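I have placed the structure first, in the form of structure tokens, so that the comments after it can refer back to it.
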Amino acid sequence: RADLAAYCLMLGDDALVLAQRLAEWCSRAPELEEDVTLANIALDLLGQARPLLARAAQADPGAVPALPPGSPAPPEDALAFFRDEPGFRNVRLVETANGDFARSTVRLLLFAVWRLALLERLRDSRDPVLAAVAAKGVKEVAYHRDHAARWTVVLARGTEESARRVRAALEAVWPYHDELFQSHPVERRVAAAGVGPAPEDLRAPCAAVLGEVWAAAGLAPPEVPGLARVGGRAGRDGVHTEELGRLLAEMQSVARAHPLGSW
Amino acid sequence: RADLAAYCLMLGDDALVLAQRLAEWCSRAPELEEDVTLANIALDLLGQARPLLARAAQADPGAVPALPPGSPAPPEDALAFFRDEPGFRNVRLVETANGDFARSTVRLLLFAVWRLALLERLRDSRDPVLAAVAAKGVKEVAYHRDHAARWTVVLARGTEESARRVRAALEAVWPYHDELFQSHPVERRVAAAGVGPAPEDLRAPCAAVLGEVWAAAGLAPPEVPGLARVGGRAGRDGVHTEELGRLLAEMQSVARAHPLGSW
Amino acid sequence: MTAPAAPAEAELNARFEAVVAAQERIEPRDWMPEGYRRTLIRQIAQHAHSEIIGMQPEGNWISRAPSLRRKAILLAKVQDEAGHGLYLYSAAETLGADRADLTRRLISGAQKYSSIFNYPTLSYADVGTIGWLVDGAAICNQVPLCRGSYGPYSRAMIRICKEESFHQRQGYELLMTMMRGTDAQRAMVQDSVNRFWWPSLMMFGPPDTDSPNTAQSMAWGIKRHTNDELRQRFVDMTVPQAEALGVTLPDPDLAWNPERGSYDFGEPDWAELRAVISGNGPCNAQRLAHRRRAHEDGAWVREAAAAFAARAAGEEAP
Amino acid sequence: MTAPAAPAEAELNARFEAVVAAQERIEPRDWMPEGYRRTLIRQIAQHAHSEIIGMQPEGNWISRAPSLRRKAILLAKVQDEAGHGLYLYSAAETLGADRADLTRRLISGAQKYSSIFNYPTLSYADVGTIGWLVDGAAICNQVPLCRGSYGPYSRAMIRICKEESFHQRQGYELLMTMMRGTDAQRAMVQDSVNRFWWPSLMMFGPPDTDSPNTAQSMAWGIKRHTNDELRQRFVDMTVPQAEALGVTLPDPDLAWNPERGSYDFGEPDWAELRAVISGNGPCNAQRLAHRRRAHEDGAWVREAAAAFAARAAGEEAP
């Protein structure tokens, strides 16, 4: 059950942190239509994060930070707003700064291709909550993927400037990609229990989908190894980038200033 | 005594918030020498803020936020890290975002000219702590002022680009200037008690100093009125800009995550 | 087939006025007086700009929303504002305006947006207060526009008002929840109401005695009530809500007047309103700079999309 | 007056080697072998770059320092690093290098800096750990350089080592204070030490068997001890400090060896070090991008200063 909780946190934190990043675009997108779409994607991911965090709390109440007596915060909020950085189990990819529109697009593409492959398999999870989140999420994330893929092609085949930017974006984001497929002991045990797929099994299908996008866009990812870990640890172990600390400081500021607050 | 505390918070918060902003330049300055100098100025201001906050706490213990029992945070830290935004009494000028080097320079110039005029008079304050802070601070802030004035002239008479930027900076920062001279009831009562000067009395001497800088630089401040207040209230009343909330969220994040922490 | 003779302008105008008088709708292809068209474009554009600029004060708190539920509600609301902006720009385009051109006018300061958005949001309670008071005032202003004479605009307003009412209830519900919370939360709500009460009253515009265009707009069926009428309606609606909430409205002159069957209230600080309208408000420069920067930062993306679309069109029709 | 005949290179070299052998100092105007000059420039530049890049990981926490006292200490420390960078670039300039050129080499990735700064700082405890372990390792590396053969560099190192020792004590004192605080603080310190222990050991470079340039550098008096000697010295010095602090060093093989009178310890993950050195570490791209951006954002200021200075010089001497 601790494994199930940890696994739900991994998938929930990926969605929560990327939703937080995407929401930063709000009122800053290149066009109004994109403001609407990016907010929609953020809302979808937030909608996936919430039941996953709640499920983590239910599976392992010990994973929920202790709040002062009388705090009305539900478990999903205790986990989102009162957990310290080393407790967050998202991959480093989702916490990286937005950068320009090309960078956010490529980041979303890499993430959504992986997450769609994951959710497709997770529909058959033995855990009913995970299966339900996946069943609902597949349609959403397929849209996210297609949206990011379309923009990747448009930017790559748009102007010289946009092509330059999307190549630089791919260069910058690509080192974070491999971490998605490096399986964590929790993921291996969860896979053995029939609750989730083995991360390595997603490598080939994701590469196939991305290959189509690169072909359509005329892009090639750089041939560099994944970003080094820190003493063997990375996002799934709670070892993040310097970006996450600032993101959480801002995200948690109001909730932590009012630990007994009702919202 | 509540007036003395409020007055110390005004002067202390001005210094604290501007120090926080200047420290953001650290490792980002246009040249290494400037990294060193901006850090020095921030350190000077931080050094002024600390006894002022401590004095505020001493004059009116009720002004200090209540911390959980057992917290080892001294009063200066309780005030800096556990006070909510409406309790901060700095002018809006000091909390405005750094912008480019021109903007930070002009902001520092306007602030330091005013603060030097203030500290020169405050040396004769009936309050011994204020008099001591002022006596030490006069030399420091004279240096800050001269440094900012020198750069203002260099930028205004440097290249076309730098002249354009320093004019834009003056345009952007100038509306925040007037607030320094709009006296708050607390300042009027403090002045009447011989503890501090009347803010309006600083207007003419500051204008004279700035006039010399504008003449040397070939600049003219825009002829616009000061930034409107919110229902008659502004920084000295705890009504700030949207910038301050984010600054405080970041500044206070670690301290608030560990209210019982020892540092 | 011969083209019908063009009817004389006087005849067209008579027909136009008859439609308006009958409270029927003018549609994009109908003849309309140039002044009507210009006035409408300006009003719709200003309204669209207000939705877009209005994303900023609330958007300021999305990253800091204190619960996941509130984060989702707030993000969806700000997204709705972008959507409202889109409908309204479309409505303006039916009158021959161009969205890119209207955006340029917004960014250059040539066209205005609602001054209320030049006030800062300083706590999470402001999210609730904007929903309750600002959206509430907007609805008072906008409900009559749903019966306005220009079809596309009045239809957009019907949809917008429906969503705004929903937002208003959400804002009020947030405040109600906070008022049932801690002392610090109650203080936040009261402080927020103190800051937003007067600016909300100013949203109805200057007093009727200072509002020279009202008569013509009412004649054209673009406007249906005077500023002061709407302001009074808003006060009468809001005072009982404030009582239910347990907050004090910051107006010592506020009192029930049994003879008028309405609340008497004090005079807003019109000098402050003039300062804000003339560009000198607490956030005018910030709001425009934010919009300008988003527009400029996005230019290369829009150019890429245009270039890609042009190439795709070229390949389709070789 | 006739110029003295230029002495033959062999004679110069003999004189140079005699000075080095006598542990005396080579000064800027003395003759020196080209290889010595090149090696020194590279080493000093790399050291200067490390000070400048090293401002970032600690600078990351200035805005969030949890007490005003700690904020002042940290800001002063990071400022000292900028100052060290300045001395060191000056020392390199006495060898004919140009600071702007060295900066370009840093930004383009042509010259390296210490790999330790490619690890992220993830909590305030990291500020203390960097002081204790990273500055501690740096001091072990640098104290011998105070007796190095090149005068300006060894004099700069004397000053730098003095300040680094001060920083190390401050770092240790922060950790000690945190260890006396709450459980959460103790966990932060332990986590921080877990992350920084191995990278600190790697600061001494690859094992001697993999360090081909050591012999020449030692002969020239640029280097005085091998990597492994210094690493052992650091471990022996640090283990008792860790015990006093109450943290566990994350090495199961760490044990006192009474025969050697030293601690045995495990093997660092040299593959990780190679990944970090080859540009693939957790923060390499971030650190260089930060430096590049500061440099580019500041270009117009440096140009303005140069233009102003040129004009002022012109006006003085018409």
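Each chain carries a letter (A, B, C and D) given by its place in the written order, and its residues are counted from 1.
Keep this in mind: a residue touches a chain if its C-beta (ideal position, glycine included) is under 8 Å from a C-beta of that chain, and two chains touch if they have at least 3 such contacts.
Which chain is which protein? Per UniProt: C, D = 1,2-phenylacetyl-CoA epoxidase subunit A.
All of these numbers come straight from a predicted model, not from anything done at the bench.
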Out of curiosity, which chains are bumping into both subunit B and subunit C? A
Between subunit A and subunit B, centroid-to-centroid distance (C-alpha), Å: 40
Please report how many Å separate the Cα centroid of subunit A from that of subunit D, as a whole number. 37
Return the residues of subunit C touching two or more other chains; collapse runs of consecutive numbers into ranges. 64, 184
Flagged in subunit B as touching 2+ other chains are 84, 249-250, 253
Treating touching as the only link between chains, describe the layout with one word: line, ring, star, complete or other. other
All pairs of touching chains? A-B, A-C, A-D, B-C, B-D
Subunit D residues within the subunit A interface of the complex: 57, 60, 64, 119-123, 184, 191, 194-195, 198-199, 250, 269, 272, 275-276, 280-283, 285-286
Taking the touch rule as given, give the residues of subunit D at its contact with subunit B in the complex, in rising order. 52, 55-56, 59, 61-72, 75-76, 78-79, 82-83, 85-86, 89, 124, 174, 177-178, 180-182, 184-185, 290, 293-294, 297-305, 307-308, 311
Mind listing the subunit B positions that touch subunit C in their complex? 84-86, 172, 175, 224-225, 227-233, 239-242, 245, 249
What does subunit B use to touch subunit D in their complex? 16, 20, 23-24, 26-36, 39-40, 42-43, 46-47, 49-50, 53, 72-74, 76-77, 80-81, 100-101, 153-155, 157-159, 161-162, 165, 250-251, 253-255, 258, 260-263
Contact residues on subunit A for subunit B in the complex? 84, 246, 249-250, 252-254, 256-257
